[in-house]
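Notes follow the structure.
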Amino acid sequence: MAHFLLIQCPDEPGLVYKITGVLFRHGLNILRNGEFVERENSRFFMRTEFAGDFDPAQLLAELTELLPPGASIRFSDNHPKDIVLMATKEHHCLSELLVRHAYGELNARVLAVISNHEELGDLARRFDIPFHFVSHQGLTREAHEAAVLATLAPYRPEFVVLAKYMRILSSEFVAHYPNRLINIHHSFLPAFVGANPYAQAYERGVKIIGATAHFVNEQLDQGPIILQSVIPIDHTQSARDMAQAGRDVEKIVLARSLKLVFDGHVFVNRNKTVIFD
Amino acid sequence: MAHFLLIQCPDEPGLVYKITGVLFRHGLNILRNGEFVERENSRFFMRTEFAGDFDPAQLLAELTELLPPGASIRFSDNHPKDIVLMATKEHHCLSELLVRHAYGELNARVLAVISNHEELGDLARRFDIPFHFVSHQGLTREAHEAAVLATLAPYRPEFVVLAKYMRILSSEFVAHYPNRLINIHHSFLPAFVGANPYAQAYERGVKIIGATAHFVNEQLDQGPIILQSVIPIDHTQSARDMAQAGRDVEKIVLARSLKLVFDGHVFVNRNKTVIFD
Amino acid sequence: MAHFLLIQCPDEPGLVYKITGVLFRHGLNILRNGEFVERENSRFFMRTEFAGDFDPAQLLAELTELLPPGASIRFSDNHPKDIVLMATKEHHCLSELLVRHAYGELNARVLAVISNHEELGDLARRFDIPFHFVSHQGLTREAHEAAVLATLAPYRPEFVVLAKYMRILSSEFVAHYPNRLINIHHSFLPAFVGANPYAQAYERGVKIIGATAHFVNEQLDQGPIILQSVIPIDHTQSARDMAQAGRDVEKIVLARSLKLVFDGHVFVNRNKTVIFD
Amino acid sequence: MAHFLLIQCPDEPGLVYKITGVLFRHGLNILRNGEFVERENSRFFMRTEFAGDFDPAQLLAELTELLPPGASIRFSDNHPKDIVLMATKEHHCLSELLVRHAYGELNARVLAVISNHEELGDLARRFDIPFHFVSHQGLTREAHEAAVLATLAPYRPEFVVLAKYMRILSSEFVAHYPNRLINIHHSFLPAFVGANPYAQAYERGVKIIGATAHFVNEQLDQGPIILQSVIPIDHTQSARDMAQAGRDVEKIVLARSLKLVFDGHVFVNRNKTVIFD
């Protein structure tokens, strides 16, 4: 099994040398190493893929001693991540993820699907995944979010994936899953933030539309972008046609962004991501 | 030589039949025909490419009689259009167009280059094109635009192309060249309107950047979009790197959009375009 | 409901006029019209989308009379096409089509799935589609194809879709479904014809891989291409990684090509296609 | 000025640690580090971008001592490379490179242009670059190549760029510039090797065309690929239209591939490349 070491800290001379020295002394062999210094903030990022047996606690202790205070040090492996999917009525992202999951391609265990509507229950059941209908009807936002959080809690998900969940989440909700809440936005952000991006795109007469997978933070549609993709369109396409065409992009972008995150390729750097191949 | 007939009018039954009947009776052979009805506004667009000899005035009279009042009927051929290029300091769009012009690939005659700086004079001279330096130093916007208009006027250009002309033009200026003023915007509109789109893109941490060629109208960066294109970027690229990468997209998008316009493929439909292959 | 008229014949003057005249006299309104003349062979193609009630037999008779001998005249509407899917072991194209079908997005009725292996039976059953396992073990090609044909026959499919069916079909088999047999090839044809295109791509060190949806004819991988798409790759990807990445392209290209065919956008012109928007 | 260290050798444990240790002891700060092990052949590749003053001979000696025998160790900086361009009649790649060169964007000094035709002399002269017309008329291949080599020799170019040079070069010629001869092929290799790829693409009815920049080796169109790019086409485009559309791709792909090579991003690994961001 491949292991990953993900380090983020203030830059200083000798970091690669020191870190790889620890790995070397433990007899671990580096298979791939990516390192990047963001010069603006003099911030160091390194992702190391390595092979061999090791004691994570021991390695962590040695690395912590060597690295500047406040360094973020994460070990990861490609164990399947525990996730919960949230959706509303549109099936395309949910079905994409459930199919990949059924064939072991998602590097995740889908523990449950939560929706504020009933429509997608059939789909979840086809794939033998527990489905929770948590209606928002007649509830305040706070009450509904409390109900969703209560449904999520027992699953203890590592990540929560918004697979076309069409309600805006409060900062309070988001704070429960910092950098662990991933959303697909149906436009090429920052174009067309907010509701009905395809209607907006149609009105503006753009020639390309897109989709954006991003971590959710407390600001709507402003979280760190993981992946974006686009497709060309033309004047013959209505807003509805665009939405249809856009779905193919949305689901692929979401699925690929999850792979990047679950396989330990992605760092969050304030409102941006650093992503190593 | 291929001829083009471009018709735009309110939709009603029988339009294709009536229009092609006129062409048939004049012995003209249709090589390609594109027709589109925008259902929202029940508006009819047709582009016909045909071969044969004809009297434009006669054809126009017959078509006018047949078509609903207010129909726009244009004949076009692929004669080289008379154009003037405007630029500021960056060379990449201007050099792209001058090279294509030098090799007869632009379907246009570049009559002159106008700039508010002197830097690009050398480039214009390399290609034997008159260069006019019209400084904005010490002038009000009105006075500077008047000087530019006075420089443009004797050339009587069919189109004015803003090949990275970095000053905002007033509605009064734009009104002199309705649907004849083409700009390249260095972002994937409507993302990053206004100044410094690459700096904005860097700040936002996007994963794709783009460029947009559009007709200029009275609202900044809101004119009908002709063509857009994008390239992927990643966290390793600074705003300066993005600008550099973006130039390749900008110049190709601008050159291709001019080809579409000059070869009679493009209709303006309020704030959008209808473009036939 | 929208109707489509698809005409292919030798070119001659007045065809658009004559054809649209018939529609006009029947009170039918043209919503979109695409016309193209392949000059090399002087061949005329026209696709007309129109609205209104009509008697197909009457219209066909009038058009046949007007058009040159040998004209192909097809009426179509967007009724769901009856199709059978064939697959082997890989699920990604089959699951893509079954999901779209379940949500009414395929413009088709999937009547059955036929496979030479048992693995995909579960998937078909999840979506309540009859699954036929027709093993090729111990059979000659002729005998196996006869068994497949016998399984297909009672469904009377309008199209047979090879959704990663990994056996080569004989000319005799293909002749049963002329221009009605659609395949997805896992490379950017004509690069990497034949087996193991991803292994070939890895060996060659290409920087882009792709997929090709095409009609099957009697020559392996030589049928008329409907749609192609690509994704960038790099040196870090093994042949296996490429295959994984390629699947996302394959399934989307296949699904989109079916939409083009089922919605009547595609003409076959010898070994090529003519496709109207 | 940024420096680059490029190392290629058989893999063994501790390489990153040992190499970065040398840099650390010399007080050099790593700005970016990319490392990759090709597992198939257990081959190690590392590109390190670093800042600081150093004695290359001393560093080279220390690294040679540490690394396995046969290691390739190259220091590079982003000094402009000395290059000669070769072309035939088509201008688009040559003009692209000359314009970039004139504005300091190529990271190279274009010492001369060599052509087997006279047509491009004007272009070279517009940019004040020496132009050598070396006709192949009446010469054997050997004699013509000898004349070209004699013209090249005094310039001592670091790289020779074939900017649409349309003659096949012998193995003997290629051997003079191993991994230093870069070509643009006007197709998406390995599709359409050999002559007239656009005519081949038209005949085959493909829906995408492309271009490939590659190092030239002794086998025609088989050298290590640096970069590829594509554009969509459709049935309305003739072979000539495709060639025209293809030019935009060719020139950008060639220019970008040169930037990758000149900035020290590219390793040649037998018949492939390893390219670090």
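First chain written, first letter: the chains are A, B, C and D, and each begins at residue 1.
By our rule, a contact is a pair of C-beta atoms (placed from the backbone, for glycine too) under 8 Å apart; a residue touches a chain by one contact, two chains touch by 3 or more.
Labels paired with UniProt names: A, B, C, D = Formyltetrahydrofolate deformylase.
Just so we're clear, the structure is a prediction, and the values are computed from it rather than from any experiment.
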- What's the overlap between the neighbours of chain B and those of chain C? A, D
- So which chain is the furthest away from chain B, centre to centre on CA atoms? A
- Could you check if the interface between copies chain C and chain D is built from the same residues on both sides, meaning over half shared, or from different ones? same
- Return the distance between the CA-based centres of chain A and chain D, expressed in whole Å. 37
- CA centroid of chain A to CA centroid of chain B, Å: 40
- Query: Which residues belonging to chain A are in contact with no fewer than two other chains?
  - Reply: 32, 36, 39, 234, 236, 277
- Query: Quick one: in the complex, what on chain A touches chain D?
  - Reply: 11, 13-17, 20-21, 23-24, 27-37, 39, 46, 232, 277
- Query: Mind pulling up the chain A residues that touch chain B in the complex?
  - Reply: 36, 38-39, 188-192, 204-208, 210, 224-230, 234-236, 238, 269, 271-275
- Spell out the residues on chain B that touch chain D in their complex, using ranges where they run on. 32, 91-92, 95-96, 99, 102-103, 105, 123, 126-127, 234, 236, 244, 248, 252, 255-256, 277
